[in-house]
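Please read the structure below before turning to the comments.
A, B and C are the chain letters, set down in written order, and residue numbers restart from 1 in every chain.
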Amino acid sequence: MTIPTFQKLIRNVYTLSELKLKISNSEILHCTQPDQIKIERIITLHQDVPNSLSYASDKSYLKSAKESKATVVMIPKELGPQMDRVCLLVDNVDLALIEILALYFPEKHPQGKIQKWVVIDSSASVGSNSDIGNFVSIGANSKIGKNCIIADGVKIGDNVTIGDDARIGPNCVFFDGTTIGNRFICFGNTTIGGDGFRFVEIQKGVHHKIPQVGSVTIGDDVEIGSNTCIDRGGLDDTVIGSGTKIDNDVQIAHNVKIGKGVIVAGATAIAGSAVVEDYCKISGACAVADHITLPSGTMLAGGSGLRNTPEKADVYAGWDWNLTFREFQKFRANVKHILNLNMIVKRIKDIEQKMGIGGN
Amino acid sequence: MTIPTFQKLIRNVYTLSELKLKISNSEILHCTQPDQIKIERIITLHQDVPNSLSYASDKSYLKSAKESKATVVMIPKELGPQMDRVCLLVDNVDLALIEILALYFPEKHPQGKIQKWVVIDSSASVGSNSDIGNFVSIGANSKIGKNCIIADGVKIGDNVTIGDDARIGPNCVFFDGTTIGNRFICFGNTTIGGDGFRFVEIQKGVHHKIPQVGSVTIGDDVEIGSNTCIDRGGLDDTVIGSGTKIDNDVQIAHNVKIGKGVIVAGATAIAGSAVVEDYCKISGACAVADHITLPSGTMLAGGSGLRNTPEKADVYAGWDWNLTFREFQKFRANVKHILNLNMIVKRIKDIEQKMGIGGN
Amino acid sequence: MTIPTFQKLIRNVYTLSELKLKISNSEILHCTQPDQIKIERIITLHQDVPNSLSYASDKSYLKSAKESKATVVMIPKELGPQMDRVCLLVDNVDLALIEILALYFPEKHPQGKIQKWVVIDSSASVGSNSDIGNFVSIGANSKIGKNCIIADGVKIGDNVTIGDDARIGPNCVFFDGTTIGNRFICFGNTTIGGDGFRFVEIQKGVHHKIPQVGSVTIGDDVEIGSNTCIDRGGLDDTVIGSGTKIDNDVQIAHNVKIGKGVIVAGATAIAGSAVVEDYCKISGACAVADHITLPSGTMLAGGSGLRNTPEKADVYAGWDWNLTFREFQKFRANVKHILNLNMIVKRIKDIEQKMGIGGN
């Protein structure tokens, strides 16, 4: 038995009966004394920890759910008839999991505390009940909303606007003019609003910098990971739509327009002036070329490169060949033939010689 | 009409007449009262903002320039005869744009202000008129030039030299011994001079660290984006030549030598001891293998990998196949045939069988 | 002659005689007065610096070692008979180099100094003789071991444990609950323990965040570069085994398990729940897909992508095709034929037409 580090800190304990009351419309299966079952940890199906609850989101996890050593397994109601162990039946396992995790790991709430070593320009404002950590600076005319938590070491330039309920991790940087909506989340060492990368070469090797005077505009409910960069626009703004989630180590260049509800996974790069329309999902380690458009709902498989605007929304894969994922699977299945292309060419030549045709 | 965030802050307004005077050798076209035309914003051709100036660098933007709702469009003189709208004719649009942007968005100048919460070692020096932000530390024997702006949270180690007129963004880190020329620019959370990644494995899985005692030497007029890393050399220095521009999220390993006037776009990685000669242009999301040399003037298309030193300077593309961009375009055009290679092989086999040749 | 920046700072000078005494079991070759030879710099074979020592790890450098302008060249004993110049013969050149570099560039040792502008929670502890830099914060219940050097600007959350002898560079961030063993090294702007990237989409485009309540557990003797991210686990911990070395700009997603003695070079991304078993070596700019396993000892060539768990440990290469490096070399050799696949197909069609077979 190994208890994950963070779970050792859990102080809240609920009985199964109590959990049933907390999760609306839930039911208990195969348990006669749910008020005697204490749940102290939330674990994956393969872990072995006493007094624990695990979960199976759908039937693909049915076998693991049956075999799990968790004290209780939370499953969708429709799987109930197939289980003969203690279960908590719920309408939607993922949403119920979110509720349960919030019980055991209650979020930190701000307390309106501004620490000691903080520099807030006299023209800046901080909303009620927001926490500002040490070694933070907030520049001229910037506005931080209410109920925010700004962690230690964050640097906020001039004319920055951040909405209510933000959670900003340590050492993030927001350059002048960045505008962010409500409920913004970001983690450590992320940089928003640095200059776009644009130079003009008049004389060979002499690159004149074009001033970057656009900014970055971010909607509501956006989450950004750690060590991600989003550059300011050249003249217009770089835009991140509401509900979009961006992972770690992502590079988003100047003038990019990302729509609503988009997913961008880790280590992806999106080049200048690309447009990623609403609801696109870009997996990790992808590259999107400059000035192209991903139609609404387009998906990129992990490690994909896209150089041209695709004709329509689909799942694309492969490095820079605009293949759909299905085509890419055919590509992969044929790679073994590529390794023998020299022999294939030789066989064709042999045939041609025998037939007295061709020349090459 | 949407005014970009940052442009809402513009306080300077010039009439078209005044702009003409500011831009040397410029002319006004199709405008009888240029002193009545106020320019308050600088926009792209597709934006619709009153009292605005836009620009078209060359004839490829001619149609957009004609249709633009900008009050004035700045164009090269040779396009004048094709326009029947209000224009500002200039010798070089890009250089004129740089001048105009500087009028509307004047650069911040340092004022020789050293903030309160700053640690400057007694053996370090800061040149005249340089600004040092809060939460900055400057180590022993380090020298910062004059007219620099060192933003909040920057950490400068021992024996670091930074020339005049530097602009260093928040939370950047410079390890001991880094040497940088004049007019250096970098943005947020960039790290210069961390140890190179070199270990020796004597016994399986036991990696002995080789001390990294080279440093990083950066020339004049270098710009570096956000969240980029440049490692110190092992024994000798990692070198970045004068006039080179490096984007965000770039990884430059130990002992790399980058020449003068080189461009390295975002999310690119350059492995240890690679040499990138003068005037190379490396697009975004590229990978350059260790110990190879890119001859002067070599270009890499976006998302390219290069494992071997190419025979000569050219434009290369593709992931690790040393193709020129032209060859890569042929590769891409033939990908559809790869998907059917199994059928191609089958057709050859059928032919061979019919002819009674071959065996496989 | 160019002396590398950092080497100009060397204050310790040893004679060749003294070096011989310092390096156990070493011998001097072709030198009558080794106490007259002063060594002031440690250089590569191609540099030209007076009073210098260089080294050749094995016979592949024999020619360069013979031609080197270094005053003394350190070589393995078995190469002695082939040399007619001043040499220092040693059992293992790399290990001897580590010893010599430590003589010329002595490591900084902590002095138990806690700087002035530091926030250490009253429930946190710092071990004896550890240095804590300025602008550092250490949260509730966190424990820092003894003899550590925590550089300026590091942010350590609550319930973080860091073992003895750590060397942590400026502006690194450690989120709540991170646990790290002894002799940890990391450089600048690295972020450990940010939330994993997991959302559930119930309604189109509305991404519900799944709380990430696992943490990060790191073993002993781990080194991590600059601007690298390691996310906390979802429920269980993200784990980095002892002796593992991770370079700059690496992204390690939630729930990843990395074994012991693993190498992960720069700009690589490892997706969620991937398993990298002991002694794997992942080169730079690689991508490892989520939920796959790299068997113990697997190697990935630079710029490789791996989407599926390989059948066995081997050296893999290519972007996402699960080729061994040998197969990948065949692939590369055949790329030229891919460029002509359209002609190959045409030749087959011509043959078929001549033979009156096929149709397509």
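Heads up, the rule we're going with is that contacts are C-beta pairs under 8 Å (C-beta built on N, C-alpha and C of every residue); 3 or more make two chains touch, one makes a residue touch a chain.
This is a predicted model, so every value here is computed, not measured.
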Angle (degrees, nearest 5) of the CA superposition of subunit A onto subunit C: 120
Numbering shared by both copies at the subunit C-subunit B contact, with half separating same from different: different
CA centroid of subunit B to CA centroid of subunit C, Å: 26
Subunit B, residues touching no fewer than two other chains: 117, 135, 153, 171, 189, 227, 249, 267, 318-319, 335, 338, 344, 348, 351, 355
Interfacial residue positions of subunit A with respect to subunit C in the complex: 4-7, 9, 42-44, 47, 92, 94-95, 97-98, 101-102, 104-105, 115, 117, 133-135, 151-153, 169-171, 185, 187-189, 223, 225-227, 243, 245, 247-249, 260-261, 263, 265-267, 278-279, 284-285, 302-303, 318-319, 332, 335, 338-342, 344-345, 348, 351-352, 355, 357-358
Complex contact set, residues of subunit B against subunit C: 117, 119, 135, 137, 153, 155, 157, 159, 171, 173, 175-177, 179, 189-191, 194-195, 197, 199-200, 202, 204-211, 213-217, 227-229, 231-237, 249, 251, 253, 267, 269, 271, 287, 289-290, 305, 307, 318-321, 323, 327, 330-331, 333-335, 337-338, 344, 347-348, 350-351, 354-355
